[in-house]
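Order of writing sets the chain letters: A, B, C and D. Residues in each chain are counted from 1.
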Amino acid sequence: MSILPYVVSGWLFIIGLYGIVTSRNFVHLVMCLAVLQSSTYVLLLSVGYRVGGGPPVFASVPVGTPAVDPLVQALVLTDIVVEATVVALLLSLAIRIHKNTESVEPDKIVELRG
Amino acid sequence: MTITARRWLFGVCGAALFTIFILAVRELPQFGHYRGPYGDVLNRETVYERHVTDVVSAVNFDWRGIDTLGEESILFLSVVGTIVLLRTGDEEVQGKDNEDAGPNADIPLPSDATRVAALGLVGPLVVFGLYIVTHGHLSPGGGFQGGVVLATAPLLVYVAGALKTFKRIANHQFVEIMEALGIGGFLGIGFLGMARGAYLRNALPLGTTGHLFSGGTIFLLNVSTGAAVAAGMLSVMYAFLEHTIEVRLRSKA
Amino acid sequence: MGSPLAPLPVLVPLAGAIFLALVNKHSARWFADLVSISAVSASGIISLVLLHRTASVPIVYWFGGWTPRGGIAVGINFYIDPISAGLAAFICLLALCSFIFSLHYFDSVGNLYHVLMLGFVAGMCGFSCSGDLFNLFVFFELMSISAFALCGYKTEEPSTQQGAINFAVMNTIGGFLALLGIAMLYARTGALNLAQIGRALSHQADILFVTAFVFVICGFLVKAAVFPFHFWLADAHAVAPTPVCVLFSGIMVQLAVYAVARVYWSAMEGPMSGHQAAITSVLAIAGTITALLGAIMCFAQQHIKRMLAFSTISHTGILVVAFALLKPKALAGAALYVIGHGAAKGALFLVAGILLHRFGSVDESSLYGRGRSMKWTGAVFAFSGLGLAGLIPFGTFAGEHGMDAAAEGTSFWWVKVVFIIAATLTAAAVFRVYARVFLGRGVPNAAEELAKTSDEARETKGPHDHVPAVMFIPAAILALAAISSGCVPGSVAHFRRSASVFSETAAYQAQVLDGTALQEPMLSKAGEQPFPAAIRSAVTTMLAVAVAILALLPHRHRKLLHVERLSRTFLAVRNAHSGKIGDYVVYFSFGVTAIGTVLVFLICRH
Amino acid sequence: MPFIQVTILIFVGMTGTAVALTRNPVHQVIGLSFYGIILGLFFFILQAPDVALSQITIGAVVLPLMFMLALGKIRRQAQRKSSTDHPGNARGVQ
C-alpha cells in the first residue's frame, strides 16, 4: 500500500497519454493533457510527505515541529501555473484551427504530411 | 494509422511503460517517509533567516526565487501568446461578423437573482484576494492564489451580465500595465539585491516575524506576483471572451 | 568566483520584453526594433565577456547569495563554463541576425512579436546556464511557451496551427515526462542541484535511477527531435515564420542535446560509470537512425523549409551520436559542430525567407529558375550548403573531425560512415535546390509535383522586386560565421579544453558545492592527422554535388521518382510523418518504452 | 496508510480516468472541475494548504472556465459557418 500514490501518479500519466492518442477533439485532447500533468503533482507531493508532519507553516507552531517537505509544494505551485498557461495557449491554437478548417478533429486536418 | 492500430500499439507500449514505472517506484522511499535533506534544512532555517512563517512562500520568493521569475515570465509570455493567437484578422474587423448576430442574439440575460448574487460577491472576493496576497508570507496563500482570486472577481461582473462594465475593466490599459509592472517589479526588486552582492538577495529590513510588513523583499515580491497573476489571468479570459462580448453588445444595441 | 554579470544574459532580454509590453501601445515599430536589437546585442556582449572570464575558471553564481551549507545547496546556481557562455553568445548572435532580417516583417500585431522573441532568447540563455535540475525544467518551459506562440504566429493558415499544436503537445508531454524523472531523482537524493544530486547518488545504478535517467533524457530528447520523437520538428519548422526558424533550427534543438550532456556529466556520471557501453549503444543507434532518416527525408522534400527542417533532424542525430560516445573529444567536436551547423542552417533559412519575400513561395518546383537574377543570394545558399557538407575549413569540418577521432578505435568506428551519408544527402538537397532555383538547371516542374504546389502567405509587406540589404546582410554574416568558426586559429584547442572542463564531474561538484577552484585539466597532446579528414571532407562534398547532379538529370530524375514509387518501405516511412498528433504520441510512448526497457535490461540485469 | 488517504487516492485515480475517457468535451469539463476539487482535497490531506488553495482556484475554477469559454467560442464559430455559408455543416462539437 505504501507505494499506492506513486502508482496512481503513473496511472494518471498513462491514462492521459491514452486519452491523447485516441482523441477526436482538440479540446478533449488538451483536457487529457491536463490529466497527464496532474500525475506530476501527485508524484511530487507524495515524495515530500511525512507521516505525522504538519504543514510547513510555523506561524502557530515552533520551528522544529515535524513538517512535510516545503520544497515539493513550491515546485507544484510552479507546475500548476505552467499547466494553466500551456492550456491557455493550446486552447487558443484549437480555436484558431477550428476557425480556419471548421474542424477540431486532429485526424481530419491533414495539411502537413510526408 | 487507424485509431484501432493506435490503440493496440499504445496498449502494448503503455503497459510496458507502466510496468517499468511501477518497478522503479518500488525503490523509492516509502510513502510518508520523506528523507530530506533539502526540505528539512529549509524548514529549520527559514524563520530564522528570513523572518517569515510560511516556508513555501519563502522557497518561492527567496530560496528559489529565480524559478518563480521564470514562472512569472512563462505566464507573461503565454498571455502575450494567447493575445497574438486569438487576434482577429482584418476581414473580421470590417464587419463580416455582423451577420452572426442572429445565432447569438438568443443568449438569455441572467436572472435578477443571479445578478444580485454575483455583483454582491465581487466586493468580498476582492477583499479576500487582497488578504491572501498580502499574507502570503505568514499563512498559506500568496501571490499566485490571491492573484487568481482577484482575477475571478471581474468575471463575476461578466456573469452578472454587466458586459460593458466588464469590458471596461478587463480591456483597460490598466490591466496591461499591471501585468507588465507586476513582473517588471519582480525583476526590478531582484536587481536591488545586486547592490548587496547577488541577484534577488534581500535588500530590505526583515522586520518582526509574524507581522504583516516583515520578510523584507518576500512581501514585495509576493505583491508584485499577485498583480502579475491577477492581470495575466484576466487578460487570458478576456482574450477568450472578447469576440463574444463584442457580438453580444452589438446585438443588444 | 561569482561574477555580477552572470545572470544578465537572461535578465536583459527579459527586461527588454517586459519594457516593450509596457509601452506596446505607445511605441513605434522602429522603437521596438531598436530595443530588441540592443537587448540581444547587450546580452551577447555580456556573454562574450563571461566567455572570456571563464577561460581560466568557470563561474558559479548563487541567486539570492544562498551559497551551499555543508554540501547542501539551498538556492539555485548558474554554472557558466566556456560552453554555456559560448552557447549564450551564439544564441544572441542568431537572434540578432533574425531581428535584423525581420526589420520589415509583420506589421500587424504591434510589437508582440518582439516580446515573444526576447522571452524566447531569455529562456534559451537560462537553459544553457542553469545548474539546477528543476530550474532547467522552468527554462525549458519558458522557451517552449514562447516557441509555441511564435510557431503559430501566422494565424491565417490552417497548417500553421496544426504544426504549432503538434509541436506544443509533444514538447509539453516531453517536459512532464522529464518532470516525473526529476521528482524520482529528488525522492532518491533530496536534492535538485545537479552537483548535489551527482554526489548523493550511490555508485550503483538500480532500476529507479535508470528509469529516472531515461525519463529525464527522453523528455529533453523530444525537444532534440531524436527518432522516434522527431515528427513534430518538420511540422513546426515548415510553418513557423522564417526568422524564428533560424533560432529553432540553429540552436533550440541542439540546446536539448546540450542539456542531456550537462545532466549526464554533472549528475549521472558516477552511477553510470560502469555502464557506459549500454548508454553508448542505445543512444548511438537512436542517433544513427535519426541522422539517416532525417537525411533521406530531407532529400525527398520539395518544400524548402521542410527540407531544411529534416536536415536539422539529421544533423541533430549526428550530435546525439557524438554525445553517446561519452568522450570529451567528441563533446568538443559536437560543440564546434553546433556553431558551424547553426550558422550555416541559419543562413539557409534566411535565404528561404528571402525567396518567400520575393516570390511568395518556398516550393522548389514552382521556384524553378526564378532565382537567376539573385546571384549573391544564391551564392550564400550554395556556400552554406558546403558548410552542411562539412567541407574544410567550415566549423562543421573541425567538429566532425573531432567526433570521428573520438569514435576511432572503439567498436563504434562506423559512425563516420553515418556522418558521411548524412552530410552528403543533406548537402545534396541544398545543391539540388540551388541548381534548380538559382541556376535554372535540371527539368522544370514535373506535372504531379505541380499539383502539390501551393503558395504561402507572404510574411512581408512592401515591394517584392529586389532583395533588401537588411535581409541579405544577416544571411551573409551567418554564412561567414559558419566558415570562420572553423578557421579561427587555436579554436579547436580551445573547444577541447572547454569540453574537458565540461566533463570533469568531480571538479564540477567540488566547485559548486565546496567552492574549491578547478584544477587545470590535463590535455593529452595527441598528434592529429587532419589531412585524411580534409581529403574525406572534399570527397563528401563532391559526392553531394554528384548526387545533386544525378537528381537533376532528366531521365535519372524520373527514374528516381519511379524508384521512390516502387519502394514501399520508403513510402511507409514517408506516410508515418502523417501530421496526426495521435500517431506521434504513440511513437513517443514506443520510444520511451523501448529506450527504457533496453537500458533497464542492460544495466540492471546483474 | 490511513484509510482516508487511500480512499481519496483511489478516488483521484478514478476521476482522472473518467475525465480522460469521457468523449464529450462538455461533460468532460464538468468532470475536470470535479477532479480539480478532489485533487485539492488530496493536497490538503498531504499537508499542503498552499498547493490545495491554488489547485482549487486554478484546477477547479479557472481551467474549467477556460475550457468552457473555448468550447463556447468554437460552437459559435460553427454556428456562424452553418448559418452564413453552408447550412448544416457545423461539425465543430459533437
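Keep this in mind: a contact is a pair of C-beta atoms (placed from the backbone, for glycine too) under 8 Å apart; a residue touches a chain by one contact, two chains touch by 3 or more.
Please read all numbers here as calculations on a predicted model, not as lab measurements.
Trainee: By the contact definition above, name the pair with the higher C-beta contact count: A-B or B-D.
Mentor: Result: the pair with more contacts is A-B.
Trainee: Just curious, how far off is chain D from chain C if you go by their C-alpha centres, in Å?
Mentor: Computed from C-alpha means, the inter-chain centre distance equals 36 Å.
Trainee: Chain B to chain D: how many Å between their CA centres?
Mentor: Taking the mean C-alpha position of each chain, the two centres sit 18 Å apart.
Trainee: Just curious, how far off is chain C from chain B if you go by their C-alpha centres, in Å?
Mentor: Computed value for the inter-centroid distance: 32 Å.
Trainee: What positions in chain D touch 2 or more of the other chains?
Mentor: 1, 48-51, 54, 58, 62, 66, 70, 73
Trainee: Quick one: which residues in chain C touch 2 or more of the other chains?
Mentor: 134, 138, 141, 145, 148-149, 152, 155-156, 184, 186-187, 192, 578, 580, 582, 585-586, 589
Trainee: What residues in chain A touch two or more of the other chains?
Mentor: 2, 4-5, 11, 13, 17-18, 21-22, 46-47, 49, 53, 55-57, 67-68, 71-73, 77-78, 80-82, 84-86, 88-89, 91-96, 107
Trainee: Touching pairs of chains, all of them, please.
Mentor: Result of the pairwise touch check is A-B, A-C, A-D, B-C, B-D.
Trainee: So in the complex, the part of chain B that touches chain A is made up of which residues?
Mentor: The contact residues of chain B facing chain A are 3, 6-7, 10, 14, 17-18, 21-22, 25-26, 28-34, 36, 38-40, 42-44, 46-48, 53-56, 58-60, 64, 67-68, 71, 74-75, 77-79, 81-82, 85-86, 138-140, 144, 210, 229, 233, 236, 239-240.
Trainee: Mind listing the chain A positions that touch chain D in their complex?
Mentor: 1-2, 4-5, 8, 11-12, 15-16, 18-19, 24-25, 27-28, 30-32, 34-35, 38, 41-42, 45-46, 49, 53-57, 67-68, 73, 76-77, 80-81, 83-84, 87-88, 91-92, 94-95, 98-99, 102-104
Trainee: Which residues of chain D touch chain A once you look at their complex with the stated criterion?
Mentor: For chain D paired with chain A, touching residues are 1, 6, 9-10, 12-13, 16-17, 19-23, 25, 28-29, 32, 35, 39, 42-43, 46-51, 54-55, 58-59, 62-63, 66-67, 70-71, 73-74, 77-78, 81, 89-94.
Trainee: Chain C touches which residues of chain A in the complex?
Mentor: Within the complex, chain A touches chain C at residues 9, 13, 17, 20-23, 26, 29, 33, 36-37, 39-40, 43-44, 47, 71-72, 75, 78-79, 82, 85-86, 89-90, 93-94, 96-97, 100-101, 106-107, 109-114.
Trainee: In the complex of these two chains, what residues of chain C are touching chain B?
Mentor: Interface residues on chain C, with respect to chain B: 2, 4, 7, 11, 14-15, 17-19, 21-22, 24-25, 61-66, 69, 72-76, 108-109, 112-113, 115-116, 119, 122-123, 126, 134-135, 138-139, 141-142, 145-146, 148-149, 152-153, 155-156, 184, 186-188, 190-192, 206-208, 210-212, 578, 580, 582-583, 585-586, 589-590, 592-593, 596-597, 600.
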